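Once you scroll down, you'll see the structures, which are given as structure tokens.
What follows is subunit A paired twice: with subunit B in the first complex and subunit C in the second.
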Partner chain A sequence: MTTEHTRKLIALTAIWAALLLAPYWMAPLGGYTALATRVLVLGLAAMSVNFLLGFTGVLSFGHAAYFGLGAYGAGLTLKFLAPSTPLSLLFGMLLGGVAGAILGALIARRRGVYFAMVTIAFGQVFYYIAFQWSSLTGGDDGLRGFSRQPLDLGLVKIDILSNADNFYYFVLLCFALAVGIMGFLLRSPFGRTMIAIRENERRARFLGIPVERHIWIAFTLSCFFMGFAGALYALVNNFADPRGLHYSQSGDFVMMAVMGGMRNFWGPLLGATVFVVLQDYLSSVTVNWMSFVGMLFVLVVLFFPRGLLGFVRRKSDA
Partner chain B sequence: MTQLLLFNITNGLIIGAFYVLMALGLSLILNLSNVINFAHGGFLVVGGYIAYTITPYVGFWGALLIAPPLTAAIGLAVERVLIRPLYGRDPLYSLLLTFGLAFIIEDGTRFIWGAQGKPVTIPTFLGQPLSYDFFFITGYRLFMVIVVVITVALLFVLLRYTRLGIRIRAGTLDLETVSALGVNVRMLRSLNFAVGIFLAGLSGVLAAGQLGLEPTMGTGLLMPSFIAIIVGGVGSLPGTLLGGLLIGVASGMTAVFFPAASEAIMYVLMAVVLLIRPRGLLGEEGMLT
Partner chain C sequence: MNVLEVHNVTKRFGSLIAVRDVSLSVPKSQLRAIIGPNGAGKTTFFNLISGFSTPTAGSISFDNRDITALPAHQRVALGMARTFQITEIFPELTVFENVRIGIEVASGYHLRPWISRSEKAEVHRRIDDTLKLVALEAKTGRLVGELAHGDQRAAEIAMALSLRPHLLLLDEPTAGMGDQETYEITQLIRRLHRDADLTIVLIEHDMRVVFHLADRISVLDQGKLLAEGTPQEIAANDVVQAAYLGKAA
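And then the complex of A and B:
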């Protein structure tokens, strides 16, 4: 085994060990299990954004829309269709993914800043729908009146509603599943093609790769992941918020990805951890937390454009 | 019915004119520097609050003259310090930076001027409706349109006939060649940015007179400008002009039949344009796409 291999193996073991044991080491450090759950879900969302941003090189700035759709999909399922947690996750994911597939077909031909602008603008459509259609979505107040249901496995029932640890492990399982699929996709020939497009689109085109179709598929896949993360988020809060669809939420996700390190598979999770913990802390100590978050954006862009992991790697290479 | 429709079309044109003013500034910066200025709405708010602060001393007319250049000066400083290092890097970074900047500006204005809405006093004769029995449009709205028309005309004269304007247009097409011809591209970008922020500041003063001021108002006004640019075609200023008027009229007309959708119609319009003519109405193939 090469050193590169061992290093990767150690890092992976460390990440999963930290995640598995989070409820035990978070509390003594002043955290709480619900915070860890939120980090996981938002981390998954940031990784889904990065699936497109970091690995296909396409700048989508409207991904919160599909996250929010996932949340509303899950909430509406629980409220009106069936009191089933797995079903709500499925429908939430489908809602986000299908919407992404349809809009992706419209925007896959655009590039660069144009792509960013169109994704932002289309993302806002769903924000307005959630905001205006208050008879269904609760409008500005958000969608309330549902809660996650115990998992019924036939023989045993697992209470994930009132037991925070149980719920954390349920979310971790979902996270592992999604991240596993994501990793598998990136290792597949399709994933390699995505990276080829990122590195040199013109060359990929000359090699006969249907670039538009690949970008559309990558966009759609990332929207499915996003919808899944959003559905989980609705379960975390027992609430779906129209502001979860707003482009400022998209900005947060992109920030998490950039802050952790876009070129690294795990970077966005690290970024999400730092971001969520910092925001949680700041909003508890100052009313001007918005300024601090804004300052964080400016500082990261100016001084750590490669993100924390990119920064560490460069130091260790030098 | 016809009268109602006519009234709403006029109204839409007025709103559209306002969108145009804001979108043109955004478009200028986007075309030359490839920067999506998320803080544009923030600069608009700053312009409005500056006008609010100086109105007691210099009156509305003084504020209208002084606030936009002051805003442009702030914009110039921001460009120098924060945005200049990002030229030539992935547009992602300038996008994130201006995004954070918008946060800081919104929170900063709330910190300085408070979260409550602030009215800006306009001259009384502008506040009167023009005619009571036909069109219920205040003189102020007509005044807004006049200011926009004059400003847009001046902008197009600047771009068409002055050396700076010709360089900006040339730079939009091929910045590298412009640089090779000995033009100071850094300076060009700064000036262009300042002109864009000047327009944002002017929009802010005008909006303050109509809507009053709130720290959050910039965010809401940003999206229509985006759509105006996309509908008109990225890279084309006349396109932005057309796009702004078009979405104004479309939302004005929808307000008659289905008020709840008057905001959504802009997005529908955008989707239709992207389907039929992906480069936008007046956009050229290959520009920034």
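And then the complex of A and C:
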């Protein structure tokens, strides 16, 4: 085993140990389990954006649309269809993913700022639909009147509504499943074509890669992950909000990915951790908490262009 | 049998005619050089053949199949590979990773989420073979962006070869190289042509390289085909001398 492999294994063990033990070490540090749950869900959303941005080189500023659709999909399933947590996650993920597949087919040929602008435009369409269609979505007040249901495993039922630790470990299991699939895809021949497109689109094309089709697939997969994260977010809050579809939310996800390190698989999780923890602490001190997060973002972009994790890796390489 | 046939191809950019009614036939196993002064339309002509852009008029056939309207990646799938005047590589990936992408695409694995152990072993064997061919086997773990210019060229050629092409298009492979690197690339192209029996179309400014390698030469000037023939015929052609070789000398 090479030094690089050993280092990766140690880092991976440390990440999973920290996540598995979060309910135990967060409390002494002034945190709480629900905060760790939020970190996981928003971390998964940032990693989903990064699946496209960091590994295919395509910037979407409208990914909150699929996150919000996932949240509404889960909420509407629980409210109107069936009181089942797994089913709500499945429908939330499908709603986000299928919407992404349809819209992705329309925009996969655009590049750069045009791609980003079109993703914002489509995202805002969903935002205004959720905002205006009050009878279904609850409009500006959001979708209420549903809550996550106990997990029925046949012989036992696990309470994830009132037991924060149980819910954390359920979300961690979902997170592990999603990032496991993400990591598997990125190490596959398909994942390598995504990286080829990011590195040099012209060369990728002249290696025989149908670039537009691969960008569409990457976009669609990213939207499925995003829909899944959105569905989990609806379960975290027992609520779905049109602001979850807004482009400013998309900006937050991009910010988390860039701040943590978008060339790194785990970077967005670190970015989400910094963002969510700062939001939690600073918002109790000042209503202008976002200014401080914004300042930190500017500092990271100026001094650590590869993000916080990129900086940590460079330091450990030196 | 002709591998490549270009019939009366024209390319206009507004009022500018970059390529004007050019026809060309390249038989199997031939090394054809395309020469001409700067602005003669050589790279535009290459772009039309490889699918980087489409002709305004005329048609292009590859292995007896009309490819005029095909996008670049479909031409690659038919067996056409190219390099660029300014090297197009994946600079932040290793030599191994650069070539692996080409081999996996050529093997039809590019949409696969998983390949079997035997398929992986076969991919690795082909990477080794390809890197040996371009003498980069000692640099497999190096990032391509950190290699010397000549090695980057060789890596780009390796990526093109990883596609197992029937036709290799090389756009100024010795551009920006010193004498030693030019010699090494020339030897590599000669090996590919003679040993691997590859059909090659080459754009080149260095006349020593052209006359050393080419079976036939086509001369473009102001977008038109000025002359075509063996190196000896082109060297003796007064029109070519006047339009190009004289100036170059």
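The working rule: the second predicted complex is superposed on the first by the 315 of 318 C-alpha atoms of A that agree within 3 Å, B and C clash if a C-alpha of one lies under 4 Å from a C-alpha of the other, contacts with A are read in each partner's own complex, and residues count from 1 in each chain.
The rule is short, and it goes like this: a residue touches a chain if its C-beta (ideal position, glycine included) is under 8 Å from a C-beta of that chain, and two chains touch if they have at least 3 such contacts.
These numbers were taken from a predicted model, which means no experiment stands behind them.
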| item | value |
| --- | --- |
| Chain touching more of subunit A, residue-wise (subunit B, subunit C) | B |
| Contacts of A:R111 with subunit B and subunit C, given as first, second, both or neither | first |
| Contacts of A:I209 with subunit B and subunit C, given as first, second, both or neither | second |
| Partner chain(s) touched by A:T77 [first = subunit B, second = subunit C, both, neither] | neither |
| Which of subunit B and subunit C A:N288 touches, first, second, both or neither | first |
| Partner chain in contact with A:T220 - subunit B first, subunit C second, else both or neither | neither |
| Partner chain(s) touched by A:T37 [first = subunit B, second = subunit C, both, neither] | neither |
| First, second, both or neither for A:S188, with subunit B first and subunit C second | second |
| Where subunit A meets both subunit C and subunit B, residue numbers | none |
| Subunit C residues within the subunit A interface of the complex | 50, 71-73, 76-77, 81-82, 84, 88-93, 97, 100-102, 104-106, 109-115, 159, 162-163 |
| Subunit A residues touching subunit C - in the complex, by the definition given at the top | 184-185, 188-190, 192-193, 195-196, 199-200, 202-211, 214, 217 |
| Footprint of subunit A on subunit B - complex, ascending | 30, 34, 36, 38, 82, 85-86, 89-97, 99-104, 106-108, 111, 219, 223, 226-227, 229-230, 234, 260, 263-264, 267, 270-271, 274-275, 278, 288-289 |
| Footprint of subunit B on subunit A - complex, ascending | 53, 59, 61, 106-107, 109-114, 116-118, 120-122, 124-125, 128-129, 132, 248, 251, 254-255, 258, 288, 290-291, 293-298, 300-302, 305 |
